[in-house]
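In structure tokens below, several structures.
Two complexes follow with chain A in common, the first pairing it with chain B and the second with chain C.
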Partner chain A sequence: MTDIQAPSDRELLIFKPKPSQPPPPATTGLIGWLRMNLFSSVSNTLLTVIGFYLIYLVASAVNHWGIELAVWNADTRRECLDQSPYGACWAGVFVWFNRFIYGRYPDLEQWRVSLTWVIFAAWMAPVWFPRVTSKVAIGLSAILIYPFLAGYFYLGGERNWFMEIMVSVAILSFVLCWAHVLLCLITGRGLGTTIISLSGYAGKHDKTHKYPIIAFGAVGFVIVYALISGWTLKEIGTNNWGGLFLTLVISGIGIAFALPAGIVLALGRRSKMPVIRVVCVAFIELLRSVPLITVLFMATTMFPLFLPEGLVFNKLASAIVAVCLFSAAYMAETVRGGLQAINKGQYEAAAAIGLGYWPMMALIIMPQALKLMIPNIVGSFIGLFKDTTLVSIIGLYDMLGMIKAVSQNPQWIGLHHEPLVTAAMIFFIGCFAMSKYSRHLEKKLGQGDRR
Partner chain B sequence: MSVEEQETTEHISSALSDEVVIELNSVNKWFGEFHVLKDIDLSIYKGERIVICGPSGSGKSTLIRCINRLEEHQRGDIIVNGVTMGNDVKNIDAIRRNVGMVFQQFNLFPHLTVLENCTLAPIWVRSMPKAEAEERAMSLLERVKIPEQADKYPGQLSGGQQQRVAIARSLAMDPQIMLFDEPTSALDPEMISEVLDVMVGLAESGMTMLVVTHEMGFAKRVADRVIFMDFGEIVEQNTPEEFFNNPKSDRTQLFLSQILAH
Partner chain C sequence: MAVADKGLSGASAGSSILNDERYRSVFYQIVVFGLIAWTGYYLIANTANNLQSRGMSVGLDFLSGEAGFSIAWSLLEFKPNDSYFWVYLIGITNTLIVSFIAIILTTILGFFVGIMRLSSNWLVSNLAGWYVEILRNTPLLLQIIFWYLGVFSLLPRPKQSLDFGGAELFFLNNRGFYMPKAVPGELFWITVIAILVAIAGAIYLTHRSNRIQEATGEYHSAFWPSLALLIGLPLAVFFASGSPLGFEIPALKGFNFRGGGRIPPAMCALLIALVIYHSSYAGEMVRAGIMSVSHGQTEASYSLGLKPSWTMRLVIIPQAMRAIIPPMISLWMNVVKNSSLAIAIGYPDIVSVFMQTSLNQSGHAIEIVAMVMLFYMTVSLSISAALNVYNKHVQLKER
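Moving on to the complex of A and B:
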């Protein structure tokens, strides 16, 4: 035991970390990246050179056609061709751009369409503001109540009693939403709390708090109702709707309808009750096995045959119904996929703490499943947005329909490429924005269960 | 329960009453063709602590899962707190409100914080005001010794901490009976004791507990009765003292020699 010394007698080794050295040259930074990724071997260098050459060819051709030789100002396609036979005729796009966006909606009334877009943006914007409470209520009101306001602005004409009420409710909701948002941003208290404290109910029992809010809402409704009675907009039939506006109407309604309907169908398909399950499976499988164009034709040509004589069903309405049903069937399968990804233990845990079916679904299962499904849901939305162009085949003038119509205009006959390129860009902007937002949403919602 | 004097120093004395809270009368269950539970008869008294052990596939988990209807039995009666289990949804909900359950895999809700996990059921099932539910949940989290984790998400906690949250979540519903389905089997060895400590604390407070576990130390210390199951039958049930020192059947002896050998 003499060879092992007590620690105090031993000379302690002192550990000194080696100083860090710079990495070998040309492995980091731009040059390093280029070497690693593009020129790592002879064959890769060759492929890189060929690749860049192809990019150059495409880019120069696009530049040549779209910019260098392009005509930006002309009154007819003939003029375009006279100025530059091989260049793009952007002049045609400029002349018709308004039509691509609004279809045949009268020029003087187009502010109505634009205004509803602005209102929608203003309605939804507070959802992304920090410090604003009740965001779910704001978002829901934008999806459930706003369509009545937008619908009236688009259609105009006399309002029946139902529309009279719904338009009043919609205007009131919008005003209240923004009152709430401003109060939240300035005072930090929501509209409801402010009303309760101003009315002196703050000290009273919780259950009485709803009375001043109901009273406030009722007074607001009466005021709005009185203000808008007698105010009408010029009626514009749906046959004048068109362009991007019509595309957005159809896909917007389709998207807003697809998710809730898809959830209901998916739950129905997993239900233990045989009748509900069979109905849901039949609906989903039937609509999924038929092309959308067939569903559209059925809705606009076959369906009216079954209606009693004299009852004419609007072509746009049939198309919207068809798109809604079709997208709901697809969404149902997406939702079902998400539901199946949820661990059985989650259902059991929820059941074991006494939650019934609907609270279990709403509070435990759906929030987790929807988060998993975001990429697929947004994928369906993008698909739906693009699929609405099919309505041009059944004679609705959506953006693609308008482009076709323009190419048959005597003065612009044969103008195809430039409007199509424009439409492609508009669709790309819409789809890319949705895709980007879905990535953002995934990241934001994924924070909770990050390990 | 007559436990001898020298053992009671170790053993936690129970507040057993003669009121039956769970009664099983010749309960039978099949998974398809497979007969999982065969004529189970069992009475559990208020405040009683029961440990169920047995080899895997013996039906012990299925038995306690039948008690809150996570599994459906096909024949026989299960009566919990005087309510007979049937297909009536109202009865099932009434039973589930009184019976808490802790799972092997914790099954916390990953999208909710620890505090929200514990307040969800009181708010939605018992319609408790949020502030009160949060106050109660905090006191329960203190009881399981993790109040400082209240605002974290389950994924950020260790296994032992998650299981303690799961216990607090069940307790938030103020159950009269707690079922534990192998609560420590999925845990790393050094985390088992923190969960068992909480369960011992719960036993001390007089909770009626049914615990499926292989922690024999826990059984010796806490159980009023140990039940040994195999092939869907109750092979033997006895006080832990008798069960471990003087097993009646050869099957029990074999099982004990296998799990206590090391």
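Moving on to the complex of A and C:
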């Protein structure tokens, strides 16, 4: 428009609208928002007032009990009650907090548990880094190899030949994983490419590229194996495990087992082979129709009968087996839901380009189905994490079990509220973070489908 | 490969048997069947061995044996010299009664929470949102223990009981919740019949009103006549037959209350925890169900001139129900299953009295575990059968 020069006499005729008036002050800004959302009608105003009054009641009660009248420093519950009979006794939580987290794990060895948590976080963290390649391999190694390292750290004692190898492999993988990540971040090339180019194999045929990598891995393995031989940790029996640590061990194993087992069961349930389908349906329906506590009781009372004489399963192992079976059945239904949502055309298209059953599942169906299932999978993980508290009923000292033990301790007898509130907050933070993250992931992965 | 082979295997008879899908499928099934049969045989052989070495036998004979322990609270009468089978039935009734009450209250509270979540009032919807998040993200067992140890165990002793309403009818103390117990008189059955007749009449009136509306287009609300019938007829019959219903009011005698009905603290705690925990899930289901009905439905209904209350009742709710009821029924199933956590606070449900106490006393692990699982499976299968019937009923209406 700028290049067209309008005649000056016509300029007077051009319609010039008045600048638009600002919106009424009552509909914008803070006041507008308040009127729209809180005081739009008489009944809404009433609800708002009642709502604020409720918040006031709860907040003042919590403040009164948990902060104003609370005791932060005391050695026994008696002292707490003497100082302030109607306030919270947070001193008890401070004294026992270590036990809520680690159970009866010896104080001097608790660093082992904390260290494995740090290692796990460090192992998984690169999955979220930009510019890092082979994220699937990093994630898989964290899930498949890490448990051996963690298991040895928790249990300690002498290693047999298998554990000796697995612990060496785990340490080596962790070191290589981070070497790879650092190389990626600094030079932009992964560990594999760097090794190949350094060893001079870069110009040779692609098939020969694996030799320097295997040689590198073997040398690394020998070095690690030599370094850790003779290094042992003090043995700590599973009856000393407890607290949040035990909750995480059980639910972690349950989660790691549930997803692959659930996928296999769901595929079995949709299989065309009658025997496999019947077996899978029976397993899934049986476990889904009974409460977890009955499965746990079954594990503790019937497993000793099932096993050959002389072989004794301890309580923790029984509980873990029960939780694994139970969560696999639930996961199978979640996975089935995702598989059903996949269009039949996807199967037909995969078959048409000549893919067999397993490649079709692994490359075409599962990636799409898993994406759809993320909210439900995380939902079952949260459910499993919460359900793990049931092991306290069969006598394991998980976080709830430790809380019960505290309230029976002669010096802290009757201390229920504060530990329960603390445990509730720990669970809330964990579960809430998981569900928020799943919603974020859902949004991120769903970007391609949005129009 | 599987699908590609289907076409080839018939045509080229000379191709390897290994690549034929039919043979492969049979082979896999035989392998799976063999594995399962072997595992089953192995477990049964071990179990038989173990039982023999412990001098135990398998069989349901123990059920007629004397239980010899007492049960803290039961709907049916229980004496320590009753049989184990009676313990099983007591456990079942105790589980069912607590689940039944919890399911009704959960559904009501869940609808309330779901509607609050959808409120246009920012504060109300956020309050409901935080209610849901906090309850869903903490373990149910922790909540049950909190209500039991943190609330109901700390109540005053009977002498200082809390009196609800100040009418000396409802009392709450550390022995439980006391309330008047209805004692029907001889002629009370007439009132019961009157109630049934009134319900049938109300249903008839509603049907008639619908028929008239479909035939003539005129709408005569059947609500007020039905309500009058429902309240008026039973009351009239009740007083005409001489008020044959007495109340046994709890009264403090010595250190404890006598008379009236009592709900023990464990049951109160279990009920409250179950209802509050599951109402958060129910609320989300109600919200999702109502949100699943497209907004166009509301607009279309308004443009036809229906008023907002009719829009909600005739257009939105019937469509939302289709999305709400299936998950709601599986939530009810969860309530039944989760009521087994009663064992943590000593409410005598089936797991507590049968799977724990009876199992520890008699040692018949296999039979008892099987019987308890059978009970839960029966409940679960009947609920899912009901769900399937409902789904068929709903699907027929779809065009």
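Basically, the second predicted complex is superposed on the first by the 430 of 451 C-alpha atoms of A that agree within 3 Å, B and C clash if a C-alpha of one lies under 4 Å from a C-alpha of the other, contacts with A are read in each partner's own complex, and residues count from 1 in each chain.
Please note the rule applied: a residue touches a chain if its C-beta (ideal position, glycine included) is under 8 Å from a C-beta of that chain, and two chains touch if they have at least 3 such contacts.
Just so it is clear, the model here is predicted, and its values are computed rather than measured.
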| item | value |
| --- | --- |
| Chain B versus chain C as contact partner of A:His417, first or second or both or neither | second |
| First (chain B), second (chain C), both or neither touched by A:Leu305 | second |
| Chain B versus chain C as contact partner of A:Ser435, first or second or both or neither | second |
| Which superposed partner A:Gln346 touches (first chain B, second chain C, both, neither) | first |
| First, second, both or neither for A:Pro367, with chain B first and chain C second | first |
| First (chain B), second (chain C), both or neither touched by A:Ile31 | neither |
| Chain B versus chain C as contact partner of A:Gly354, first or second or both or neither | both |
| First, second, both or neither for A:Pro291, with chain B first and chain C second | second |
| In the superposition, chain B vs chain C on chain A residues touched | C |
| Chain C-contacting residues of chain A that also contact chain B | 351, 354-356 |
| In the complex with chain A, residue positions of chain B that touch it | 68-70, 89, 93, 96-97, 99-101, 103, 105, 107-111, 120-121, 124-125, 129, 153-156, 166, 169-170, 172-173 |
| Interface residues, chain A side, partner chain C - complex | 37-38, 40, 44, 47-48, 51-52, 54-55, 272-276, 279, 286, 288-291, 293-294, 297-298, 301-302, 304-309, 351, 354-357, 382, 386-387, 389-390, 392-393, 400, 407, 416-417, 420, 423-424, 427-428, 431-432, 435 |
| Chain A partner contacts - residues on chain C that touch it in the complex | 1-4, 25, 28-29, 32-33, 36, 43, 46-47, 49-51, 53, 119-124, 127, 133-134, 136-143, 145-146, 149-150, 333, 337-338, 340-341, 343-344, 351, 355-356, 359, 365-366, 369, 372-373, 376-377, 379-381 |
| Residue ranges of chain A touching chain B (in the complex, touch as defined) | 206, 343, 345-346, 348-356, 359, 363-364, 367-368, 371, 448-451 |
